[in-house]
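I've put the structures underneath this note.
Shared between the two complexes below is subunit A, which pairs with subunit B and subunit C, respectively.
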Partner chain A sequence: MTRSVSENVVAPMARGTEQRDTYLKGLIQTVKGGVPADLALPELRSRAEALLKEQTFPHTRQEDWRFTDLSPMLDIAFACADGPQGDTTDIEARRLPETAGAQVVVVNGQVSPELSQLGGLPQGAIVGSLRDLQNHPIWSEKLVQRLGQASGHHDVFTALNTVGFQDAVVVWLPPSGVMETPLQILYGAEAADTPVLAQPRCLVVAETSSALTLIEDYWGHASTAYFTNAVTEIWLEANAQITHSRLQREGSGTFHMAKTVVTQARDSQYIGTAVDFGARLSRHNWEIYQTGEQTTTKLYGLGAITASQRADTHSLVALSHPYGTVDQVHKAIVDDKAHSVFNGRMVVAQAAQETNASQLNRNLLLSDKARIDTKPQLEIVADNVKCAHGATVSQLQADEIFYLQSRGISAPQAQRLLIYAFAMEMLETIPVATLRSRLTKILAQWTGA
Partner chain B sequence: MVRNLHATVDGTEILKGLNLEVKAGEIHAIMGLNGSGKSTFSKVLAGHPDYEVTTGDIQFQGKDLLELEPHERATAGIFLAFQYPLEIPGVSNRDFLRVAYNAHRKGQGEDEIDVFDFDDLIEEKLDVVKMDASFLDRSVNEGFSGGEKKRNEILQMALLEPILAILDETDSGLDIDALKTVAGGVNQLANPDNAVVLITHYQRLLNYIQPDYVHVMADGRIITTGDKSLAHDLEARGYEWIMDEHRAEVTA
Partner chain C sequence: MSTSVQSLVTQPYKYGFKTDIEADAIPRGLSEDVVRMISAKKNEPEFMLEFRLKAYRKWLTMAEPTWPNVNYPPIDYQNIVYYSAPKAKDKKLGSLDEVDPTLLDTFEKLGIPLSEQKRLANVAVDAIFDSVSVATTYKEKLAESGVIFCSISEALQEHPDLVEKYLGTVVPIGDNYFAALNSAVFSDGSFVYIPKDTQCPMDLSTYFRINNGESGQFERTLIVAESGSSVTYLEGCTAPMYDSNQLHAAIVELVALDDAAINYSTVQNWFAGDENGKGGIYNFVTKRGLCAGKNSKISWTQVETGSAITWKYPSCVLVGDNSVGEFYSVALTNNLQQADTGTKMVHVGKNTKSTIISKGISAAKSKNSYRGLVKMGPKAAGARNYSQCDSMLIGDTSSANTFPYIQVQNSTAQVEHEASTSKIGEDQLFYFAQRGISPEDAVSMIISGFCRDVFNKLPMEFAAEADKLLALKLENTVG
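Right after this comes the complex of A and B.
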């Protein structure tokens, strides 16, 4: 049984254009004030600032933000967060045994060389901080050609990040460089007594035929106001392969805005899994741009939210070359008064013949007050392609629960089993065993198992 | 022991004064036309929430069954083989069976058994229904054929060893081989300490399982009870004559 669900939308408080313009200007000034003197990057940052001048702070009358109301942010004046404060208990608990020697720690948007543990990289590969690498005779020039150059850089939060990021993680694999150890990037949010913002930034370049397993883990505990504005740019050159797990488990007071932009050259393969458990409000723009033929793209998303959480995933797969394969599955579990949004856009241009794409969005509603908005958005110009899509919204089925009960399993246990089964399909796509089992435990706690 | 059972679904009365007593060691068959209330009776026994019992009571081993939640009835020893077993995507058959088995152990105050001991146990039970071990690693009933689903029901029964097993049209639509497998499973399970209620449309199943009693249901009641020969009569003559006799009785 499926049904579409809608509920009366609470009209956003009347906010004038002027107030939003002023708020965005204030954010720009704040993040500019936090730019370290040794990371001026004047060309890149001034271009981003110019792009922001033409925009306002997003509001629900814009199609892209229809279901995600950011107006609560307008009441909060965020200041730039400080770097690491010293308590590393949380960080230690999150290191994975599989990533030993390949861990980068970022706290409040600033890379911490002390907390990072790096060794055993393939020859010619670098993993490090932009502040260290920007003056390097070879790297400085290479970096300029990539950093901030991916499509979609004009988006308001992406541009804001570019104007003010305080450091960036740089990962660069040389041709045929295979990183055997998965790379784990830990992004910690350390809240302060007053509202703060942090802008983590990451640049990954995988040159021809290189391979990498990448884990990005955003976490925090703060129930007080915190604003994460993260951008990760990933470049796959010809025949490169990246498996990417992105976890968002931020604190209940956090606004998490994020962009993951992946540019795929011919014959490359990108497999991504994005998990959203945390934050008060999260928005993940996950964008894939194909620049060559026969690319493989797999996108797996899982959101599990409750209370008054909001989780919004906007994905875009833009295909402009033939023989591309796309497999996308996005699942959301929504309890209590939470609200989940999925907008899955696929653009198949005239030149992208023989594309084989599928998109499936499945949603599980656990409460009468929970809300789901889902929109597949397929724009297909090419005429010789396969593009399947589907979206379902359902509740736990009473008959399934009764079947389990009739085998001795109590109703609450049966519900947990069904929710767990729904979600596990996505967690199973994560290639690192310890991470998979930790997330499975979080999920089990979440479902109360 | 079922006394004067009345039950409704969505306000419509389906069971209208059903009486039945099943003792340990017995096999009962309940036959009847579509809409006679056979399946409703099985669901009421298992505690399906859509069915409301308005009058009557059900005693099971000295307990008031209607006071128990569905999962409590199951762990107390009642097993319903579903007419249409449900598919549970994402839950492996193995996990499902282990969770169910351990729920029963817990219900009987025993410790849960671990994964390895369970695997040994289930391998043994697979033989009863002639199922391949690969079934265990597929999602519960997902993509199973009709016969596979019914055999999976019997596998669950063999594992959970109920005191009272109710088979709701388990034989409908089965080919002869599957029917023999299902019947073989039931015959292996049947012993002097438990009982089986077969709800069926067709006499054919009774060629493979010998019932002690055959009941005929019509209009929410058991209208007549006989031995195995009653089933043969029904097969040969249909239901009309027995309904006529019953109506005559009521009128008289």
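Right after this comes the complex of A and C.
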């Protein structure tokens, strides 16, 4: 599945508005060149392109990108990545026993039917590539009303994905469809000799009273430049339930831009856990929009970064209906010269009475060269609500280390133990046992415990 | 909470009267000539004119900030009178007796008697009317202990070296749009100098009054506390009611050297506009304190109840090791008022500490935002911050927002931030009613309890006044 690779259109010049505009134009041309003929989607893509043309490549003078500098990307001309080829051992190692028969493998943004293993789906459920669904009745009836339609679709990287995604994973649960087996989507990044970009896309629609456990796993080994621009759209209809685990373990040369947008209808429940271990620079925009009352939303985030990694999470919970419940905890461990950014925005509109929302952001700063920027942001108009947020930045507590030392545990060991415990609180929210234990191992290695 | 009760009239603004006094004002508009004219009128030393012109030229290159969470029509900077003073007699005023009695009456009406017999016993007052200082009480008594307390114009004549040394060191002329404007055209303000190892014998206070309907007020306050000294400073503000909006762009600079302490309290009650949002003051103020010395301390306490729009972030730059910054704030917005206020705590030195307590109350259709920054620099080892911002919403058309920025670059620094939102619940009012307390009293008690952490930090007289002020402002908003 080799696709045409567009030419590098970026010319070196001063880092100004002009350079950013040219760079973005170059990216648009590159991703447009990679669009397969059988997935033209002219209406959707041209709208996204029009939105993109009004924007520039993000820079730190914009409030949303104030702490995350993307200018290193400006030096790199990315070409579209090729589809799956070569080594599959990596993939085998990442399959979970719990998800047997419910695994979709995406390599460089394209679904690989050969590597995916699907069987035992509930009646009426659809899991697979968007390209196989064009003649399916849901295409015209429902799919076009969902794909690329969620709020926030105008963001630069989201629109860029819409302009040029080469394939998409579609997960569709019929009313009352309950998927007993957790669904695992593996997104692999296969490095090439030259810098490449891949744009994985996923659309999940859970119709009334359906339920799903979803695992999204992004990984790669690329120590050379690689650009992942992922978008996942999740729609929960009335009374639907989704438990979502999102792991990002990309290679050390990767720029990982991601958007997870969740739209919740009345009485639905979304529990999400996002773990960021990898990438040179990662940015996760996690957005929750409410379209009905009495929704439940739980967001758990963990970032553990070191060396000169950058990890940025921007979450948005927009409440516009009564009786919503939100519980959010985001934790970051930052070592060496790494830089962690968190912006947690909660908007409670006037109609969202009786909302109960809490947000906690905790950060562990382990080195003097590391840096944390955090902004828990509340915007409230409704008066009958309970909203609280908190943020802390600190190192490990001396008395806690002393307590462990007094029980015969060495200081370095005590330190590792405390970091491990700090992070485990987030990992424990992952419902799949094997995955949890694998991540625990990674964490243990990370802390050296 | 019934809306019918909410819509009942609120307490009228009792400081809304206007004093008819002949004013010596310059024509509207701003240009280099105007800047020169202001400087000439005040007979300023050469360095001051340079300072102003530099600021003016800088201002021309800057753009008005758009990031605050407030909305207002564009300000026409050429339609403002930049200097307005009550017409003075030819000779310099020797004593209070020579001050125009209308002015003394005005201040008496505002509760600030200036005359010898009636003046407040333990507070020295600098009264500022439009662009100039009218009178400063207890100057001689303060001079006995070496404390300089006078208007900044006077300081420029009598202590130019001190002013030159410190002016613009905390808030540079190009700090922000409104600071640049102020640096170019500021007309008067207070100057305080506390010498080494001196505890200021009485509280100092400045009372600001805008009278002219077309003028803006651009005052500048500079307080310098030498090592080992301490001072408590209070600031109060009112303005008459006009249909048009007036601009108030002030700068306050505090400098605390080794072991010095400055306590700065503000009760801001500028005219807030009527219930339809007509008129009112645009209060765009830059306040910043520099803890330059070791073990120094700067504490800001503010009660913000007036102004159509408030844009104000009293800040502390903690440079000296072990220095302490504090910020206690109550911001109340009603009707169509908008407030975007908070603080910045910039930790530079070792073991620096800061505390932020912010209470926001928004009623009717107002907008109240807390915007704060806590920054721990790479060398701020052992620095600590604790922030708490609580919001209270009265009615479901007001909004409360928090935008706390936390930036940490030192692993031994510790930052804690907490925020909550609540309302005055019907169950709470019912609980009070059970005990025979009327809804009005209950509300004022709940609010007073909500703000207690901050009021406790105010000097005694101010605390009582602030409590009353809030109760008045909110009268009949809840039922």
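Worth a mention:
Convention: the second predicted complex is superposed on the first by the 431 of 449 C-alpha atoms of A that agree within 3 Å, B and C clash if a C-alpha of one lies under 4 Å from a C-alpha of the other, contacts with A are read in each partner's own complex, and residues count from 1 in each chain.
What we mean here is this: a residue touches a chain if its C-beta (ideal position, glycine included) is under 8 Å from a C-beta of that chain, and two chains touch if they have at least 3 such contacts.
Every value quoted in this text rests on a predicted model; they were computed, and no experiment measured them.
Bringing the complexes onto one copy of subunit A puts subunit B beside subunit C with no clash.
In the overlay built on the shared chain, the residue A:180 is in contact with neither subunit B nor subunit C. When the two structures are aligned on the shared chain, A:398 is found in touch with subunit B, with no touch to subunit C. By the touch criterion defined above, A:417 lies against subunit B but remains apart from subunit C after alignment on the C-alpha atoms of chain A. Of the two partner chains placed by the overlay, neither subunit B nor subunit C lies in contact with A:75. In the superposition on chain A, A:43 makes contact with neither subunit B nor subunit C. Counting the residues of subunit A that each partner touches, subunit B and subunit C differ, and the larger count belongs to C. With both structures placed on the common chain, the touch criterion links A:406 to subunit B but leaves subunit C unconnected. Of the two partner chains, subunit B is the only one that A:425 touches; subunit C does not reach it. Closest C-alpha contact of subunit B with subunit C, superposed model: 14 Å. Residues of subunit A touching subunit B in their complex: 397-400, 402-411, 413-414, 417-418, 420-422, 424-425.
The residues of subunit B lying in touch with subunit A in their complex are 46-50, 69-71, 73-75, 79-80, 82, 85-86, 88-91, 96, 99-100, 103-104, 107, 139, 156, 160.
Partner subunit A is touched in their complex by these residues of subunit C: 1, 67, 376, 378, 391, 393-423, 425.
Subunit A meets subunit C in the complex at residues 63, 350, 353, 363, 365-395.
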